[in-house]
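Consider the two complexes below, in which subunit A is the common component and subunit B and subunit C are the respective partners.
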Partner chain A sequence: MIRLKGIKKSYFIGERELPILKGIDLTIESGELVIFMGVSGSGKTTLMNIIGLLDKQTEGEYFFMEKNVDGLDDENLAVLRNEYIGFVFQQFFLLPYLNALENVLIPIVYSKKNIKHPKEKAKQLLTRFGLAERTHNKPSQLSGGEQQRVAIARALINDPDLILADEPTGALDSKTGNEIMELFRMLNEEGKTIIVVTHDPKLAQFGKRLIRIEDGVISQDITS
Partner chain B sequence: MMYSFNFYLKIAFQNLVIHKARMILSLLGILFAVMSLVAFGNISSGMKLKIDNEISRFGKNLIILRSGLVFITGRGARQFAESKTLKLEDIKIIKERLSEIKEAVPFFDTTYPARYRENTLKVSIMGATPNIFTVRNIELMVGKPFTDKDNEDTLKSAVVGFKVYDNLFKSENPIGKYLLIYRVPTEIIGVIDEKGVDFTGQDQDLQVYIPLNTFMRRYSNVDYIKGAYFQTEDGVNLGEIKQKIRNLLRRIHNLKDTQKDDFSIFTLDDILKTREEGIRLVSVLTIIASIVSFLIGGLGIFAIMLLSVAERKMEIGIRRVVGSKKKDIIFQFLTESVIVAMIGGIFGILVGCIITVIVDFLGGFPFFLHIGNIFLSIFISVFIGIAAGIYPAIQGTKFVPIEVLQ
Partner chain C sequence: MGLSLKILQVKEFLEETIKILFYYKGRVIFSLSGVALGILSICVIITTIDGANKKAYEIFEALGPDSIMIFGGSERQRMAREKITTLTYEDAESIEKINGIYDITKAYSVRGLTLRYKDRKWQTNVIGSTENYFESYKWNLYMGTVFRKTDEVNAEPVCVIGYKVYDELFRGEDAIGKTIQIGKLPAKVIGVLQERGGAAGGPNIDDRVIMPLSTVTKKLSNEKRYLGVLRVKTSRDVDTTIEDIKTVLRRNHGIVGDQDDFTIRSSRDILQFMSVISGSLFLFLGTASIVALVVSGFVLANLFYLTIQERKKDIGIRRAYGASRRGILISFLFESVLITFLGGIMGIVLSVLLQGIFEKLFDIPMEFSFKVVVFAILFSCLTGTISGFKPALKASRIEPIEAIRG
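Up next, the complex of A and B:
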């Protein structure tokens, strides 16, 4: 599903080059549950942004779904994101003036997949995540864990193949965080490919595969 | 597509609700612009309709001749200087010489008290030939007009206006009763339908018509008249006839080139023109005010949309992440700015119509909906919404998702 070859990424501050990723080779197959572990500044989020088609490498080749995506422009990348990838963020990023149900439905607006009965599907997802009574609540009326589950429902509404979660438990207490991770494990068992980016070593146990990133390179890649 | 449009509408309205005060301020400009455009269109059309009605009530294709100097204003004709030089014979000659003139109605008008039993009322007496009833569209509620023979026989019969009947007789049948006009008992033979104030500012319902000869011999004993109405055939240039009458009358009166006219000739158009100039001035001012308000309204929406786009970076970011294209973002913000402008426009139309109803009621104009201005207002509102929203919307597409979602 994902093939990275010699990926390098640098930011430029004036004349100075600031290398973030220093040559990443990585393959992730369909159905994996991968944890990217690294301290802040290690480059793990940059790597996730590149994998998630939100950012571009400075050097190297990226094959997504067996297709080289290096030459694609913003608009085409947006189409691929919509079709294949669901995103979950640390701060949830729910729209404050939409209720839970409407937030889940946002990706449908841009979808070309022709999902049948999106509203019912959104309700089912929310019900499954224990939010049946919360569908008409605004984000401000939901707890952190509930908001994150709404965000996960939003990531799933368009039937993506891949879910990318950047510090999904970072804003939650550890109990709620574990529940969210359990949710990812369950989704993975149903066939979704999931990548979770975190700095929290306690989350390592939830993955089938652990990739440690240190200073812009992969320092460890263990499959249990 | 339909689903996404509904979604945009929903988001637009949610934002409107959240930022009520701000949005109301930004749509006020459009509201005022549309309000003045719509109200002015409606009211001026109503005024024109009223003028048209007045003309047809006053009589078609009329030229009015008055002895002495008359000053034309938008409210009618005001006597400026009297003259006793206009004779019945003059009118006959004019009628004979000018084939375009279909009817000529010489008249003598003045104000007398009229008394019935112990009630007295100041009325306008008009001695005229019987054709005045057809030329001036005077229709009777009851009774009959006087005839040429009545005129020849100098019968003391009168056709009275509605208020004369209403004030002096109340519920009594006035036909056959005698009204004391200037102490002359005059038999009432007809009552005129209620007509209101006419074009020249004369209250039609306070008129008493009597045969001209009767008036000149039995009431006033004069050998001159005060004026005449001339009615031409349809399609004749009234201005030309006016000039012909003037030239002819100057010759009859033996006026030298250096002498001024001892009479005045005018048409309803002359009175109309002074009114229309007023309306035109107001219309220019209204258009200027509308344009300024539209510009202010557009700037208001522009500013609010810029603010809104800047505030909603996160929203734009997350939309981009889940797959919206730039055109989706532009379309969404344009939907919002157009909705704000349209709400301003719709309320402008409503307020404009309310103002129309009030002004029409106070001014006695018939209510008229100027559909053209209403459509124009909606069109301009949409246009302003797009023009004011396009730049902020494009700004919105310039955010890079991973930067705004840090």
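Up next, the complex of A and C:
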């Protein structure tokens, strides 16, 4: 599903080059549950952004779904993101003026897939995550764990193949965080490819494959 | 792709935008009322000018494009509202002989006479004229009949009253055959004129009484020599006829040079005067409404610009979930146009509500039309597009990772 060849990424501050990723070779197959582990500043989030087609590498090649995506323009990348990828973020990022159900439906507005009865599907997802009674609540009326579950439902509404989660438990207590991770494990068992980016060593146990990133390179890649 | 999905997407998009508007109420209310005021004044301009033009055209039609009016007194004396009588019956006779003139109405009026009927009183001007007055003004009767040549010859005390006078004295009752007191003269009402309505800001043309010329000059005043107004119709070119009339009157009055003691007006002058009025109205109200729209556009653009920082995450999320740059640009632009569109609708509704008040207050007839609605909506959407474009462009240039990192 994902093939990275010699990916390098640098930021330029004036004349000075600041390398973030220093050559990443990585292949992730469909159905994997991968944890990217690394300290802040290791480059793990940048790597996730490149995989998620939100950012572009400075050097190297990226094949997504067996297709080289390096030359694609904004319009085409947006279509790929919408069709194949669901994002989950540390701060949930629900839109404050929409209720839980409407937040789940956001990707549908941009969707070119023919999702049948999206409203019913959104309700089903929320019910499945224990939020049946919360569909009409605004984000401000929901707890952190509830908000993150709404965000996961939003990531799933468009039937993506890949879910990218950046520190999904970072803003939650450890019990709620574990519940969220269990949810990811369950979704993986149903066939979704999942990548979780974290600095928290305790989350390592939830993955089938652990990739450690240190100073812009992969320092360890263990499949259990 | 299924059509039903498309419809759902559009519906979701619209609903979302409306929710955004509700969420950012303060900004929206400011922009909305600014645009509404601008559009309101545009509506007022267009309806007023249309109304004034229609009125002018009606007057023009009623007078006839071929009619010429001749008054006593120079241009300057008339401006000072002095009542000067210089036109004589001999002048009328000479003018009648000019080639092409086929109709002449002589008139002499007495101003500010008190009319009485039962216990009701009304003060108005009494016009003495020839029997062709009604035909010449294409003024039909509401009830009764007009006076004839014999009434003129015998100076009969009969009168035809304007609708306003009828309304004040008779209040809808039958007036025909009733005797009213005009000054000290008892006169029989034989006809009531149809209502014509007041001209913009001018005197009410329905407020008049018409009697045979001889009745007025012999029984209401004692004016044997002079006439007030002559009105003629020509089958020849109006300007040529005016020149001919000038020549005749200068000869009769012994005038050398151009120190005329008379004034000549054609229907065209009236039309020109009306277009000057509506022109200055247009300039004044037009400037006001453009200023209102530009200001509200600026307010909208600035408030919009400020919220973009606040909505960075919103933009980032949408980009991550499949919105392209163009998609963001369109949705922000749509939001701004929706605000001004709603403002425009508000302005239209306001102007319809205020129309009646304006008409009463300023005596300006307003002609509300489909054209006004189209204009108003066009202008409001244009304001939204122009003022929303830069903020929307800024929003679309925000990179998703930059937005999400925050």
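Assume the second predicted complex is superposed on the first by the 224 of 224 C-alpha atoms of A that agree within 3 Å, B and C clash if a C-alpha of one lies under 4 Å from a C-alpha of the other, contacts with A are read in each partner's own complex, and residues count from 1 in each chain.
Note that in this section contacts are C-beta pairs under 8 Å (C-beta built on N, C-alpha and C of every residue); 3 or more make two chains touch, one makes a residue touch a chain.
Just so it is clear, the model here is predicted, and its values are computed rather than measured.
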{"item": "Side-by-side fit of subunit B and subunit C on subunit A, or clash", "value": "clash"}
{"item": "Subunit B or subunit C, by number of subunit A residues touched", "value": "C"}
{"item": "Subunit B versus subunit C as contact partner of A:S224, first or second or both or neither", "value": "neither"}
{"item": "First, second, both or neither for A:L105, with subunit B first and subunit C second", "value": "both"}
{"item": "Partner chain(s) touched by A:D74 [first = subunit B, second = subunit C, both, neither]", "value": "both"}
{"item": "Touched partner set for A:Y97, first subunit B, second subunit C, both or neither", "value": "both"}
{"item": "First (subunit B), second (subunit C), both or neither touched by A:F87", "value": "both"}
{"item": "On subunit A, positions contacted by subunit B and by subunit C", "value": "49, 54-55, 74-75, 78-79, 81-83, 87, 89, 93, 95, 97-98, 102, 105-111, 118, 154, 158"}
{"item": "Residues of subunit B defined as touching subunit A within the complex", "value": "3-4, 7-8, 10-11, 14-15, 18, 314-315, 317-326, 328, 401-402, 405"}
{"item": "Touching residues on subunit A, where the partner in the complex is subunit C", "value": "49, 52, 54-55, 74-75, 77-79, 81-83, 87, 89, 91, 93, 95-98, 102, 105-112, 114-115, 118, 154, 158"}
{"item": "Touching residues on subunit A, where the partner in the complex is subunit B", "value": "49, 54-55, 74-75, 78-79, 81-83, 87, 89, 93, 95, 97-98, 102, 105-111, 118, 154, 158"}
{"item": "Residues of subunit C that touch subunit A when the two form their complex", "value": "1-2, 5, 8-9, 12-13, 15-16, 19-20, 22-23, 313-314, 316-327, 399-401, 404"}
